[in-house]
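Both complexes shown next keep chain A, but they swap its partner, so chain B is in the first and chain C is in the second.
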Partner chain A sequence: MSSSTATSAAVPTGSTSLSLQRSRRTDWLVFLVVMATFALVPPLLGGFALYIATIVAIFAIAALGLQIMVGLAGQLSLGHAAFLGVGAYTSVLLQKLYGVPFLAAVAIATLASALVGLLMGQLVRLSGIYFKIATFGFGIIVYQLLSNWSSVTGGHTGLIGIPPIRILGTVFRDRLSMFIIAMIYLAVTYALLLRLTHGRAGRAFRALGQNEAAAQSIGIPAASYKMAVIAIGCGAAGLAGTLLPHVYNFLNPEEFTWLQSLVLLIIITVGGLGSLPGAIVGAVVLVVVPEYLRAFQEYKMLAYGVLLIVSMIFMPRGIAGIVQGLVTRIRGRHAPAETPS
Partner chain B sequence: MNAVIQILSGLTIGCIYGLVALGFSMIFRAMGLVNFAQGDIMMLGGFLGYTALSIAPELPFVFILVIAMIATGLFGFVIERVAYRPALKRNADQIYLVLLTLGIGIVLANAARLFWGANPVVYKIPLTFDIVHVGGYPLPRVYFYIVGFMTLTIIALNLLFTKTWTGLALRAVSQDPTTSRLMGIDPGRSSSVAFVIASMLGAAAGVLYAPLFYVSFDMGAVGLKAFAAAIIGSLGSVFGAVVGGLIVGLAETIGGQIIGTEFQDSIAFAVMIAVLLLRPQGLFAQNRRVA
Partner chain C sequence: MTNTILATEKLTRSFGGLVAVDDVTFAVERGSIHGLIGPNGAGKTTAFNLISGLIAPSSGRVLFDGRDITSLPAHARVATGICRTFQTPQLFEDMTALETVMTGCHVKGRIGIAGGMFKFAAKSREEAAIESKSMGLLAEIGLADHADVQARNLSYGQRRSLEIARALAAEPSVILFDEVTAGLNPVETDFIANLIRRLRDTGRTIVLVEHDMRFVMGLSDRVTVLNFGRLLAEGTPAEILSNEQVIEAYLGRPKEKVRG
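Coming up: the complex of A and B.
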């Protein structure tokens, strides 16, 4: 397989390497804008906003991974919350039972989630609709294990007494330091995934998402790339999961239900399928808005469902698509099509 | 003795899964769409039956069943027209379609919650408590309704597929949508028919499930196990959907006894994954289009 053939499959004909370069620069510019906004706005608002921003960052990390998996490579996962759960429980149990240091526990938990994802991918080496339903089933199985394997996971009541984050002997437990740690997580994940999408793997993922048979016919090893993207998506979810218990100060299987998997899918759809900044914006919308509408809690899922349908009908490329369209219009020229529609 | 009752109850609940799974299969055959809202259609049928019952408490159960089926069938007709067909016409991506059906499922479940409340409701009719003794085994009377309805459904579908032009058109579309369109078959009509039948079967499953257990806004999850059933019996196969339903029903009842009832939902999907490992297209795969 030569990388030039992969390029021609992933990039629509007509776009030159110049426009490719320009779109890369735009991507990094967007990265800077997004991260700068995160670094400035919540600290200025202070207090509760820091807490919300921390949760936004956690969901954004998971959504970024899911975006690569679903939006780019077309591997729809209907049980993604399970991998957040694997990450959260692995990390907490390692710290609690075996006294593993925080950073090591995070690394192991992320790896564990990716491995469980690979296990799922290998178990259900399926394509199309069979894969989707198998991921759904996998999510249910993981959830039931978490809620019923009481001796280890604490069952439905969950775990309390989450050890505080301790890095090199310093304990971090106030809102600001949690926020800063979450921001570092997010920036690293975002930057790594952005680099990945610019490289050969990113082109292969896109080709896979657009037409698996065509990708395979031009020599892209579809099976290995599929496994790779599943591992990335699940690993990112696991990484996000490791922070969750420290922020909430407890751990409970109800955070990892089928509904949470749906919420993650809604995040990337509303933000714009295939767009990394879209995943982050989607996380902002779906985490922040419900916080301020707590009085209407029972309408929450209804509103999510309506939001999903409406955004699919009126903005099939999500918020990212709308922003891109606006920018293109302002610039008055045709921007290169970066994201697959 | 206890084992016999367990097996019978497993087979009966398996019939319920089979009915919902038939709906999945019908829609998949006709339009290549996996309708994740099918479980919520079952819930809707159950609630519509409940409403019919609270308006006319004296109505025989069979009428309740028919009313819920007709009302839900109409609903299915409308939703196919306004939501799914425009998306399919535009040749929307599979991911788009799955998310659309998921969205419709969420809206249905939560609208039902606003309308009928968050607490499960029970059909307050004698049938709910009626026990018949057959050969010394006490069995709920509704078991016979369920098995009877399943038998009738299989016969009716068989007649539909073999004896009518509509059924022939449905089969043709499932084998090759493009060619069948060239032969003058209206794909829109086929998908309407499939959706209406699927919704009616889903509603029947909801109404028949109600006297055994309850109806609640989140029982779409029960219907989701019918997915596992449809997949085990190969998506698109009518016969397979029924057998898949029975397998899931039996496996979760027997497996629940061995491992623990709290793992019942997992068992259905574990069986599905195991079957897919051995036969990636399910037990009754034919040479059909793959999504």
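Coming up: the complex of A and C.
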């Protein structure tokens, strides 16, 4: 309670909260730690680790968007993988059929995914459980479309001959450049969404997720903010999707089934609902662990189910919650020695 | 009549066969404390929900500052200047007290979704202003040293105060308090009464839906009484307290002989 006495000379009394500023600074510190780990560890391990880290980054980007949509604003989507698919197919088809440059194709595909998300939001103007069920149905429709519109998407056999990433005349196709591009995607998405949560719109999203009636009672237009957060969540998934075909070097609809939607939800739950770094850590767990347990492939879904249940029982706030608890405990122990930075 | 800030005209709302609010016309004077009372089921809360826009009327109008706001959705009414609290505090449980009040500043802020991501100087200016204003409101409501406590960890009385601070953050000209003293102890009730007087003295208009007769009669400049959804009486607290119809509605018709 004596926290404000040390620094209050600089600011008018009672006008700022040290812990609000400290928590924002901590968020950026975590950002730096997460991105530094990403930038250092996979290149040191090299080879296959770079490939896995690229896929982790892709799922992390999609999970970050889903985290804002589900973890903060409470708009549960059960068909989110479909938007990865919309991004992936839109981007590849634009490049392959129309020769659109990579960056432009990525931008259009991201926008297209956000628009398809808005379309879903408008079509199913439902609330609560009905919206959730409708998103599930929407995911299946997109999957069916990708599987059966063979003349364009290649159907179940998928698309091969994915054009290499070409930016300003330079072609990037080796693992390291793929990894670097994915890192840039991730850093930009993470930073923008973190900035979003540290402001008026972020508070409105959280208000919406925690008590919609109360949010409306203080003037937050719930319907518009719902649409906005759906567009953000679906746009992030679309952006993530644009990288996938270049990494796999082929594209088929099996990457975008409802099981993948479930995996995305498990990622944000295990990582910690509402936490952006949690979404990234969740992606690490759910992508890396299965890669090293390929021998037990047939038990994968069973393991996911057990993981989800165990994490909800023993760590309802996910890995992020556990880490936060530990940090608070350590800080508490060293409280007298603590000095403002 | 120009001094009327809030008015209802023949406001009616029925739920199936039940007419919860029936042809109610009343006016609230600018800068006054206006009590809305009535026995259980009289339609007070329904009238509140109609005024704040949470539900739509079957017929009739709601006027704010001479303007028909009947078709405005609830969130848009806040921007025009009407804000409410709930019978049971409706908070954002995972937010700290400070974040809660900062969220209440929503209608006064300008930085949107794109601005939140891409603006730097303007955003940090607005955030600093919102934070400072919110800390001020927390101090006013007596929660300054609880700024960093999550809403879920506050006591019942503190939750009520926090909800009021959040409503004040929208800088409403009319504040609707729905049973603001429910569940509070006498000390807390006195604190709220003083706060409401202070708000009135700074030019705001207060509408109270209340059960606590001592509280509402002691505070209100004028009182409207509803019974079975209809307007029963309106007047100063003294007039209402001596109104036979009101006494009858609350206590029942006196019998000639109680026993015999």
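In the analysis below, the second predicted complex is superposed on the first by the 316 of 341 C-alpha atoms of A that agree within 3 Å, B and C clash if a C-alpha of one lies under 4 Å from a C-alpha of the other, contacts with A are read in each partner's own complex, and residues count from 1 in each chain.
What we mean here is this: a residue touches a chain if its C-beta (ideal position, glycine included) is under 8 Å from a C-beta of that chain, and two chains touch if they have at least 3 such contacts.
Here the structure is a predicted model, which is why all the values come from computation and not from measurement.
Of the two partner chains, chain C is the only one that A:199 touches; chain B does not reach it. In the superposed pair of complexes, A:95 makes contact with neither chain B nor chain C.
In the superposition on chain A, contact of A:137 is made with chain B only, not with chain C. Judged by the touch definition given at the top, the superposed model places A:312 against chain B, while chain C stays out of reach.
In the superposition on chain A, A:123 contacts chain B only, with no contact to chain C. Applying the stated contact rule after C-alpha superposition, one finds that A:54 touches neither chain B nor chain C. Touch criterion met: A:70 reaches chain B, while chain C stays clear of it. By the touch criterion stated above, A:275 is placed in contact with neither chain B nor chain C. The residues of chain C lying in touch with chain A in their complex are 52, 54, 73-76, 78-79, 83-86, 90-96, 98-99, 102-107, 109, 111-113, 115-118, 123, 126-128, 130-132, 135-136, 139, 144-145, 147-148, 166-167, 169-170. Contact residues on chain A toward chain C in their complex (touch as defined above): 1, 12, 14-17, 19-20, 192-193, 195-196, 198-204, 206-207, 210-211, 213-222, 228, 232, 274.
Against chain B, in their complex, chain A makes its touches with residues 70, 74, 76, 78, 123-130, 132-134, 136-138, 140-141, 144-145, 147-148, 258, 262, 265, 269, 273, 298-299, 301-302, 304-306, 308-309, 312, 316. Looking at the complex, you find that chain B touches chain A at residues 34, 83, 94-96, 98-100, 102-107, 109-111, 113-114, 118, 221, 224, 227-228, 231, 235, 260, 262-263, 265-266, 268-270, 272-273, 276-277, 280-281, 290-291.
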